[in-house]
Structure formats: structure tokens, C-alpha cells
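Here come two complexes built around chain A, the first alongside chain B, the second alongside chain C.
Showing the complex of A and B:
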């Protein structure tokens, strides 16, 4: 998609501006289904995601994502003047000769000319290896991609939007007053023949044409230009098509016309969309409301696969309220409530009682969010790396809470919440693009063994992280606090959680093997991800053996358990950097620095804690 | 220790149950395939009644699509200036001749005038003078573009005996065997 597609001169010339808009009721419009990135979703989600991709935010100052989308598809001329492109890089601003503004947002009209001048650079950049691109080069590529996306959106309805074209009298009687591509196409052949005659008689110099001949040439040119602009425009797949059961069931308006997907049903639905465009352009809020309801109803009827509007509602709530921000807040509050009494000597027991409330609220919301994702995406909640981070963080907080209630000790909960909070903070780094409800390859959707294997392994990673964090706490207490009782408790928790981690990761790895045997015909293939999982299991087995046989002192055992964080990070994220093997769904770019920094800091922290604890041990 | 074992067992059971529940809920859903090569003709879509419309055939009489109930209708959108349309004509005529009593062929032309259409038909060596073949001009494109939203020629819709649209053939890249299979399936049904 990195091909520049923003020549919209024709569109801008032929489609007139619409009236200024009043507040529109999006009650039905927001739920209109659209297929995007392999998933049918409410148009509201599509609008948010696309706006976020282009402008870096899901809402512009006073304009909602839906309002922006409606403007872009129904009134492209005014949409071109709306500042939506986020350009933060000063180098890029200079390159594009644009004046810096406060928001860092620029309109299509502002950028169009300068983007054209960088087209040659784009050709060169596209030839380069992805890894060799500089940050500015990436930004420029992304900007061009965003411009292409916006152009596609602006053209998506150009087949049905009214055109500002003066037709020769001889055609006027044949057509309706409201001229659009679909209407003009009825006389396309006639225009083509007349134009051929003109060219034959008068050549290609328009100055020799009569006004009528000129308007024939213009009309012919506009039809061709619109058709060319609509070719391969598949971004707005809102029309259900029912001809072939084995094909994708949704098509964009242009695909319906140009790819032979048309039918009496699509004709009806397209006429409704045309009415909606007119209602928008005329600022007719009442008709907008009625027609958008009709479109929603008609689309649901025409689409043979039942769409549950409930699912759309859940998705909209999820996208609107962004539960992970709330969860972060609740976990943060719980941690502050727990730590305040430690910092202040005064009696803050009242605050302490709020900690479990905030933690329970956070955990409940976390569970609801993961269930909501499962419901929306109709698949297990661990399909992508991003999702696995969300899931692992939930296991951390839940386990911390359970151990807290079992042991009547706040530290496991604090440790669990802290690790959950840290994971949630890094989770966005693993999100690919602006879509946080990503679809994954079909194979990961279906198999019981695979579902259970991934859940088990990720739960195992979560318990590993918890064990490592407990080990950190135990080492800290051993080195700097004189609380033997507390140290013993935490040390015991470390041991028990590391046993649980071994059980979960070992079973998870075996389940993966069973699935691989069924699916790929071999139990074990030395795939990097398999090796990573094995590394965690072997590390845990070594620790348990070392402890049982007394080959490892308690301090060493704790330090090595603390190092589980590094082992898990390497096998969870690190192996993805190799970009080889069969677990391709997890390949992620741009986390190398983060991973190296994390491992180095972890190593330094563990070394420091180990030395300090060891010294203390020797002293006593 | 006992509690830890119980907790581990509970986690394992929970994961297994969750996995099972998710798998069960997904069992009835076919994987969503995004793109595939064109399906063979024998694969038919769900029942959809063809909308009613009338046309004036070359014999000067006006017909309604509803006049052909109980027949398999091959509704073909074509034009004399469209080479692929000409390429596929012989297949339709062969079918119309072979299944005289079962099939009706309706050719809706997007030609600019009646003269251009009939002129072209007369030039063809094959005879269109058969009671189950109807050729009609759609000068205003009301049937082709407005009703069936056909913007690229040729396109053919196969309509069953109950007037349900069962299949659309886009373009002329198909073989007679495919068409024959489709017709036979509809006759058997």
C-alpha cells in the first residue's frame, strides 16, 4: 500500500462542497458494519482506528472520529482542508516546507503539493531494506501511506456523490438531474462514440472544439478519471455481496461496480447510501437519522452471516472507555494505598483498607476486558503478542491477590500488581498499528490443544514473572531489612510460585508439542519459540534440583529465580526478533533496544541484590 | 503446600475448561476466508427472488421476467461492442437448443440503438430465432445498471425455476461444461 495515491484533482474539481454541518445523530450510523483488516466491525471502530493511524488520536479537538469519517467520505472537498496529518518530526516539517503549528496537525491541501515533491524519495525508500531506514525516512513513508489512506477514503463514494458537470443538451433528457458517476455511466458508451467522432474530425486540440464538444470531452474525461480513481479502492467495505459463498462477503462501493459484485440488493443499498450522502451534504439531520437506520437494517438483512449488534455494542464500549487506562489507574491506586503507610509513619490504616478495594476493582475490570476481547474477536484472548501481555498481566495480579489472601501478607499482592502494572505499561509497544483488536491467522482460532497450550504457556510465563518478582522482594528483605519472618514468608512464596511456574510451562510446552504433532506432523522441531519455552522449563528444573539437593544456597536460588524475568523476556519476546520459525504471529520489530535495556538493568539489579544479600548473610 | 497443589490443579482445570469452552463456541464457525479463486459454477448462492422487470424483445412484444416461471432463466447482459460477450454467446445458444423446454435465454443488450443490436445479431451466422431465446435492448440502462448494477460486461445471472437468482457469472472466462453442470443441478432440484 506504500504507493502514492493522492492525485485527487478530478475529485476536487467535480464534487462540490457541502453545506456546513449541524450536529448529526450517529446512533444508527455508528453501528453500520464494515469489514476491515479481516474482521467485520462497527464503522465507529473503523473511524477511530483510521483517524488514529493518520492523526495519532481517536478524536480531533471538537470533531469525533465518526464526524471526521462522514466528512471525508461524503464531502471530500472540505475534508481536504481539515488538519488531520500528524507531523512531529522537525526534519520532515522542513523537508515538506510547512510552518509548524501548535497541534502539529496539517491538512491534505497543505501537504498535497509538497508530498508530490517527495514522491521520488519514496520510490528510493521503498527499494531499501526496512531495517536500514532512518526514523525520518520511516515517518515520511508513514505519511505517504496515511495520505494514500485518506485519498482512498475521500474517493470511496465518488461513484455516487453528486458531480458538478455541465452536460450537453442532447444527454440531459436521458439522465436524472442529480448527476453522479453511476448516472453518467449510463451514457458512457454514447459519450465515448461522440468523443471519438470529435477527435476524428477536430483532433486533440480543445481550442478548436465548440462549447458542446468541449463539454462532451470533459464529461468523458471525468467518467474515466473517476473510474480510474475508483479502481482497487477497497477501503470502505460496507456492502454485503451474496453471489459467491466462497468469496469475501463484503465489497466497497467501487468494487461492487467495477468487480461485478452488483446485484439488485447492492443497487438498493447503494441508492440508500446515496440518499445518506445527500442528507449529509444538505445538512438534513432528520433524513440522516432515518436513512442511516434504514442502511443499518438493510445491511444486516442482506448479510447472510448473522451479525450480533450486541457484539458491536461491546466493541464500541471497549473502544470508547479504554478499560486498560482504568485498570492501570486502579492498580496504581492500589499500589499507592499500600505503600503510603510504609512511607508515612502516621497511621494510614484507612488508606490500607482502600488498597484491596482498588485491586479487586482493577482485577475485575481486567477480567471483564479480557472476556470482552474474547467476545468481540470470537477467539481465545492470547492470539497476538499484545494480547498475551494483557493476559499475563492479569494472571500476575490475580495470583498476587490469591497468595495475598492465602498468606495474609500484602507483599505478594503488591508484587503481583506491580508486575501487572509494568506489563500493562509496556503492552502498547506490542500493538501492531492503530488496531488494538487485531485479527490473526485462522489456524490460531480453532484448535482446542492450541488454545489450551497458548493459555497454559502464557499463564506459566505470568507465574514465572511473579516468582521472579517475589525473589527480588525476598533478596531485598534479606539484604536491607531485619525481618526474618517476612523474608521466610516471601522466600516460601517464591519457591511455591516457581513450582507452579514449572508445572504450567512444562504442561504448556507438552501441549504445544501435541498440537504441533497434529498440525505439522512432528512433536518437536527445534523452532526458536519451542526452544525458548524449553529454556524456561530447563531453568526451572535446574533451580528445583539445585534447591532440593542443596547445591544452590537460598540466596543463589533466589537470585537465579529473580533471573527468570530475563529468561522469560528472552523466550517470550527475544526469539521473535529472530524472525524465523513457525510462530510468525509474534514477530515484532523495534523492541530490541527495550529488551536489551531491560535485560541489562535486570542483570545489574539482581547482581546488586545478590551481592548485598550475600554480604548480609555472611555477616550474620 | 496442600493449598498450592490445589491452586495449581484449579488453574490447570480452569485453563482446560476455558480452552474447551472457546473451542466449542468456535466449532460451528467456518474459518473466514478472505480471498479465493473464483468458485466453480456448481456452487450456488442462497435463494434470492429476482426483481420483477419488463423488456421489449426483438419480436416487438413486451415480456415480464415473471412470464417465465418454472423455467431456468439465463439472464445475460451484453453488447455488440463487447468482444467477450460475443465469445460466450455460442455456449448460451448451445444450452438453449439442448434444453429447449427447460431453459429461457434473455439477452439484455447495452447497445446504443436497436439498429446496432439487431444489425449485429443478423450478421451472426447462428440463429436467434428460437422460442426460448429473447433479445432486448436496454437503451436507458434501467435494467442493466439501475436494477442489476451491472457496470462491466458481460455478466450473466442464472435464475432457477422459482425465480431465485442462483449464480452470477462474471466475464466470459468459463466453459460450457460448467454451465451444463449448473443447469443439470437446477433441473434435478
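Showing the complex of A and C:
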């Protein structure tokens, strides 16, 4: 974690406030490429993700993420007064002595002083093991991390923003442009020599200096302070530096200036950014539009690695429209339309028309959004736990729909949609941060195995969930309804889906073994994730063999199939909680309670259904 | 399934290797005083039952073709598991850039190797330290203190009468070599045995340089002794084996995602040298090199100023082909079973 000194007072004093902004046209600006978290993305995505990390939302009341970012990097003085830090914990509010407001958002200026007083705590907290931190300690650490991010952003352009410093006449004549760090750096050597002379003659007491000497001393101080603030400031990697052809390197404005990564091309791009900053600060909307377009064009030309703007457009659409909210809505509608006939027997026509339409629309959008993720990330769709939930959810709804059309029965579709809906609802809990479009670590970065093993095993989990839900339905019908025909249909569906589940999970697990053999040199290592997958396979093998050899009665078979939900949950999420083994990339934190509650409730429900169905069976 | 759950949960508290040893690589699992069948017995019973069922009780009609094929695949998988359990050996190889080596090191086993001039004359396993016996040596070696996982302390800071401060110490047998400055204190073994720092403290008498010596994993300077103009070198550390060929590292590349320290790809450009044969090749993540029964995987690396070395995991496993065969057969079996069922359903 980055820890910093909040010395932005200097920044505040030297960089004047900008004019009040009119509405800016972000048409070109939003597409400017930036490299962040290992991926080149549109600056719009970066703005949303960073704002979400700090404020918990992708948009402030009247300010878009892009407007906020522009304000933060081009007008840090005003940005410091904008309420962006989300602090919900009452304990933390008390600790930082801040008055609670309705929004729960606080500005950098409000927090700065009190954050400094907790810096000592942070040092201690950083020494502690992550698992031993309390929730309040975590929040405090996160707040410091967010403050560090904002400070880096506020300083990211301090090298080219105008400075509010009075220079003696003899220096002013040497300036080629308005006064900024880059201009000051041009006369830095002379300033330094003059300052040394002053120190030699008059010592360190500024009260003895003439106004001209005082301004020399101040200019020297500011140049040092700005440089210190810019050192290691790499948050805004917007300048492509292609002198090293082996890599697609992107540098921040400060890195270009301080690390000698510049070239005539980067200098040109930097001057364009400087013009953009001026346009922003002067409220010149027309120049802003023109220059942002030029920067976009120049960046695309300078970066030798081809960037497809179409990919950026897809990413922006994905981030803006949040397809999963729409999919949730559509699945929800489909389920409501399907359940209406249960309440009003006459409304059957709704079931026949609206429910499938909503379901098809939801499934189509689900497929499109997963394809969009694949296109944006340029890799197969499942690489993280979060993505696996999205994919399993899709398979559930698709399979439910297919079985529905084949069997001419609404229950499979209802079951599929309900599973898909529940999974989508819990999916956000598995996101590892504000950014859900992540790159993968080296061992996972292989398209072949991600396509074969991962898709196979996750599809297997989806079919297991469907089989378990069918089993629930069959048990319910057996226990409480006298519809033998329907029971037979659902029981058959349960059997067939559990057989397909065995096919997919068995092949998926063995493919996983082969991948392990390719990357770690052993087919099987009894790793928790492998054991989890094996547990599902063994459970399914037991069910199939028990049924074929009549060791399991139909009711028991159904109950054990229903319990697949528990087995899959434990295998899929539970083993990640163990935080050990080679698959610990999928480590999840804080879902223990959810998992235990789910398993307990499932167990109770299955036990109740089993006993009820068993009693009914004995009666008949 | 119960064994699987218990063994998985145990990894959280016991560490990976001890849990694997206890639950998945033994004949008997002791639950306190109660003996339970271990993984080998369970897997053995399963394999025998499955094979007997397959041979004697299978229904060889066409519609059971898929089922029988899947069972055959499972038998092959289990057989592969058996061969792997018996033959597989895991070790690693460390090659600095521009250098060549033919030695592989064990992750867990340590030994004391004695060289006369540059020829290895004896090797003693650390596991057997209590029964160490050194025939044919012109001097005596007595182990005094050892620890599987040692903490190195300054000799001067060790309080008297701790195990590391041996009672045998006297003016006649002074501390020699690194033992003059360092001493060990035992600490709990790490769940990952390869990260343990194993060390021994030995008393040597009858040589020209008698005294108390220490030796530990990766100690930069071995113990050197002379007696009657014969030169001996004592090296303690991870057990090493020479391969019948050698590997030279040309370049190790760690490619990171732009602007992060997260690895996108690791790879080692190497030259395999086997007698007169010599050829360049590349080992990457998920792209191992297989040669003469050994498989080399990109496992890790070391980096320092002006120094880069690759660490390759080396596995010798005669059963590596079985899972591939098993998978193909099981997949074909399950798919044909589904297809046969579908076909029969359609025709009926």
C-alpha cells in the first residue's frame, strides 16, 4: 500500500484556482487511452473505476466521473474541496472528528488534517497481518489508500499546470511560455546558483532578504517541492513511450519528465496536454474539444501497439449501461409473468407470451454482455471467481430455456431463471475491487485451458445447480402435489441433468489435471480446488451408481441430488476460503457467513422435503 | 469423500505437505488411536473392485459401450495414479543466466556430502542423522545439535545452556569457521518444507583443524579439512542429483503487465546439451520441456542487481501419459453413452 505525506499545501498555494467550468464536450476526451491495472483502456473507464474506489459510486450527484477526473487533474485546488470520500463507519467519523452529513461524502480539505493525525496508526496497521485487521481498521487503511490515490491524481499534472509565483524580471525574460514546473526547470540551475550566493551572503533567515531574493528562494523551494511530489507518480500512464520496442510501455507525465523517458514525440504530446489543461482552466470549451481530439489522434499514432477504438467503445457501453442490472430486471420480469398464473388462473396468456419474451431478451443480453467482456479483455470469458458466477448464471438460464422448449413445461425455465437471478444477485460480492475487468496472472493467462477446462467445469457447476433445483421441485411435487405426471417429468429432467453434470464435471476436472500437469508438473496435487471439483464428481458418480444398482430409492436419489447445491457451493466458493494451495487466486473474503447460512438453510429445506416426500410415499 | 473433505480442511491448519502426507499418501490414517483406511487402501480397493467388475461383470452389449469405455478410462487413470505414486520424483534446478548445470535439487531431502579432493566419497541423509556413521574417514564427525528449521543467531548473543551452546565446548575444541560467529536455535518447521533452513552443528576430531563446525542450507563456504595431506570438503544442504545431460540458461524473461508488478508471462530460453547433441529451446508457463523421462517446468526465478536465474521444477514421472489416455477414453465413453441413449430414445 502506498503511504504518503499529505503535503499538498504547496500545490494549493502555487497552482491557482481555475475558472468555473461550463459543460465540456467529452466526445474525444473519454476515449483517450490510459494504461491502468495492466490494461490499456479508455480514460472514461479509469475515471469511473477510480471514482468508485474513492466514493463508492461511479457518478457524483451532478458530476460525471470524467468531469471529476478533469477537475482533479487540471484544477487540484478546487478538487480538494469536492466531497468525494465515502465514510460510512460512525467510529471512523468520530475518530476523524468529522461532522456527519447526509451523503456520507467528505472532501480532501475536510479530511486532510485529521488524516495526518492517524498516520501513526497506519504504520502500525501495515505491520499487522491482513486477517487480523478489524473492519474499522480496514476502512481506515482503505481511506488512506484512497487519499493517496487522490493526491497522486491531483499532482499528476502539476508539472505543466500554471504556477502562481512571482519571478524576478531577469528570469521572466528567459521564459518561453507561461510559468510552470517545466519552464522553471529550464532556469533551475541559474536559480540554484543565485540561491547559493544569497545563502552565502545572508544566511538562512528570510527576514534579511530583499523582495527579489525572497522570490528566488521561494521559486527554488517550489521547484523542489513539486519535484518531490511528482517522483514516482505513475498513476496517469497516458504517454506512449516507444523507444523500447520490446514492450508496450506507457508513462505518466511526471515519469516522462523525471525518468528521461521522453522523446520529441512525447514532448509534443505533453505540450498538447498542457494546452488541454489551459483550455480547461480558462473554460474554453471550443479549444478543449479540438485539443482533446488532437491528443487522442496523436496518442493513437504514437503508440505502436494497435489500439482498436471499437474495443474502447464496447468497454464504455459496458461500463455505462451496466447490462447486468438490465438482465436482472428481465429475468425478474420473466419470473413474475410466469408466477402470475399461479395467483390469477385466468392470466395464462401472459405466461405464453410475455414470460418467454422477457426470458429471451434477458438471455440474449446476458450472452452479449459476456461476449463483450471477452472482446474487451481479449481472453476467454471466465478467469476470475466473479466471471465464473456470471457464466454459470448464463448456463443456468440457457439450459432452463432449452429444457423448457423440449419438455413443453414451464418449471425448467422458472428453475433456470431463478438460479440465474440468484447468482447474478450475489455476483457483486465476488468482485475483487472497483475494477471488474481484470487481467490474469501468468499461470492463468492461457487461452486454451481457460476455454476448455474452465468453461467445462463452470458449465458443469451450472448443470449441477439445475439438477439440484429440479430435484427440489420433484421432491416438493412428490410431497405436496398429486400430479404424478408432472413429478415423472421433473424427476426425469433431474436424472438427465445430473448425468450431463457428471459428463461436464468429470471431463472438466480431468482437463484441469492435465493443465496442472502442463504447468506444475503433476496431474493431481490434492489442492483444495481440485479436491472440491473431485468431490462434486464423486458425489455424482455415487448418485448415478446408487440409482442404477437400486441402492438409493428415488426419494433418496432426489434428496442427494438436491444436496448438490451444497456440494457445489462448498467446492466452488468454500475452498477459496481456505486460502491455501495453488488455486488461491480465487481467494474470497467475508463470504463465510453467507456460505454457512446458505448451506444450513439448504440442508434444513432438503431434510424437510425429504421427510415429507418419504411420508407421502409410505402413505401411498 | 470424507477423507477428501478432511484432507482438504486439514491443509488450512497443517500446511499443504504435512496434510498431503497424512491424508493422501498413506495406507492407514490414524484418527487418534483409531486406525482408519488411508488413501492408498481406499484407492487400491476401488481400483481392484473396478477392474474385477469391468472384467467379470460388465454387460458387453452395444448400449453399454459408453459405460464400459468410461470404466476402462477410470481404470487407466487409477493405474496412472499408482505408477505416479511409485515413480514420481519432484526436484528443482536453478540456473543463473549464462551458466550451465546438470544438477537437480530435492525440495525436501537434505544430506551431508563428503568430497575428497573433488570426488564425492560419502553421502549421508539428514533424516538419518541420529545414526550417522563415517567409516573410512581419517577423522571423527559427531553431530551435536540440529534443527529442521533453524534460526541463525549471533554466537555471542546465545545465552549459556541453550541447546545451541553445547556443553562439549572447550578451549581444546574451539568453534571453527562460521560457528565462531553463528549459532542455531530451532523453530517450528514451516508448512512448506522447501522454505525451512535446515542446519547441523558437528564436532570434528582427529583432523588438522579440529573443532565445532556448523553447516546449513545454502551456506556459501563449505567446511574444508585436511589430514595427512589429504583434502576433504563437507557440504551440507538440499540433496542433489546429477542428470545425464545438462542445461544452459541463455535468457530468463519476466514479462509484466504494463505499469504493474503482475506477471503476464515467464519464460526461459535454454540450450539442452546431451553429449555431442545440443539444441536451443524455450520453457514457458504451461509449455514444459520433456526429455529423457524428465519434465522441466517454469516454476520460479531469482533476481538481483545484474543477476537473474531461472528455477525449473523437474519431475520424473513414468505415469505422465496415463491421465491423457484416461481422459480421452472417459470423455469418449461418457459422450458415446449420452449419444447411444439419445439414439435409442429417438428410435423407440
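To be clear about the criterion, the second predicted complex is superposed on the first by the 602 of 620 C-alpha atoms of A that agree within 3 Å, B and C clash if a C-alpha of one lies under 4 Å from a C-alpha of the other, contacts with A are read in each partner's own complex, and residues count from 1 in each chain.
Just so it is clear, contacts are C-beta pairs under 8 Å (C-beta built on N, C-alpha and C of every residue); 3 or more make two chains touch, one makes a residue touch a chain.
All figures in this text were calculated on a predicted structure; none of them were measured in a lab.
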Which of chain B and chain C A:507 touches, first, second, both or neither: both
With the two complexes superposed on chain A, say which partner A:451 touches: chain B (first), chain C (second), both, or neither. first
Examine A:499 and indicate which partner it touches, taking first as chain B and second as chain C; both and neither are also allowed. both
Applying the touch criterion given at the start, work out whether A:321 contacts chain B, chain C, both or neither, answering first, second, both or neither. neither
Now for A:406: first (chain B), second (chain C), both, or neither, which partner does it touch? first
For A:264, decide between first (touching chain B), second (touching chain C), both and neither. first
Using the touch definition from the top, say if A:535 reaches chain B (first), chain C (second), both or neither. second
Quick check on the superposed pair: does A:38 touch chain B, chain C, both, or neither? Answer first, second, both or neither. both
After lining up the shared chain so the two structures overlap, which partner does A:186 touch, if you call chain B first and chain C second: first, second, both or neither? first
By the touch definition above, which chain A residues appear in both interfaces, chain B in one complex and chain C in the other? 38, 247-248, 442, 445-446, 499-500, 503, 507
Once bound in the complex, which stretches of chain A touch chain B? 38, 174, 182, 185-186, 189-190, 193, 242-248, 256-260, 262-267, 270, 304, 374, 378-380, 402, 406, 442, 445-448, 451-452, 455-456, 459, 496, 499-500, 503-504, 507
Using the touch rule from the top, collect the residues of chain B that touch chain A in their complex. 1, 3-4, 7-8, 11-12, 15-16, 18-20, 22-23, 25-26, 29, 31-36, 38-39, 43, 45-46, 48, 50-51, 79, 81, 110, 112, 140-141, 145-152, 155, 165, 167-168, 170-171
Per the touch rule above, chain A residues touching chain C in the complex are 35-40, 234, 237, 247-250, 439, 441-443, 445-446, 449, 499-500, 502-503, 506-507, 510-511, 513-515, 517-526, 528, 531-532, 534-535, 538-539, 542, 575, 578-581
Which residues of chain C touch chain A in their complex? 1, 4-5, 7-9, 11-12, 15-16, 19-20, 23-24, 77, 80-81, 84, 88, 90, 255-260, 262-266, 285-288, 295, 297, 299, 313-315, 317, 320, 323-324, 326-327, 330-331, 334-335, 338
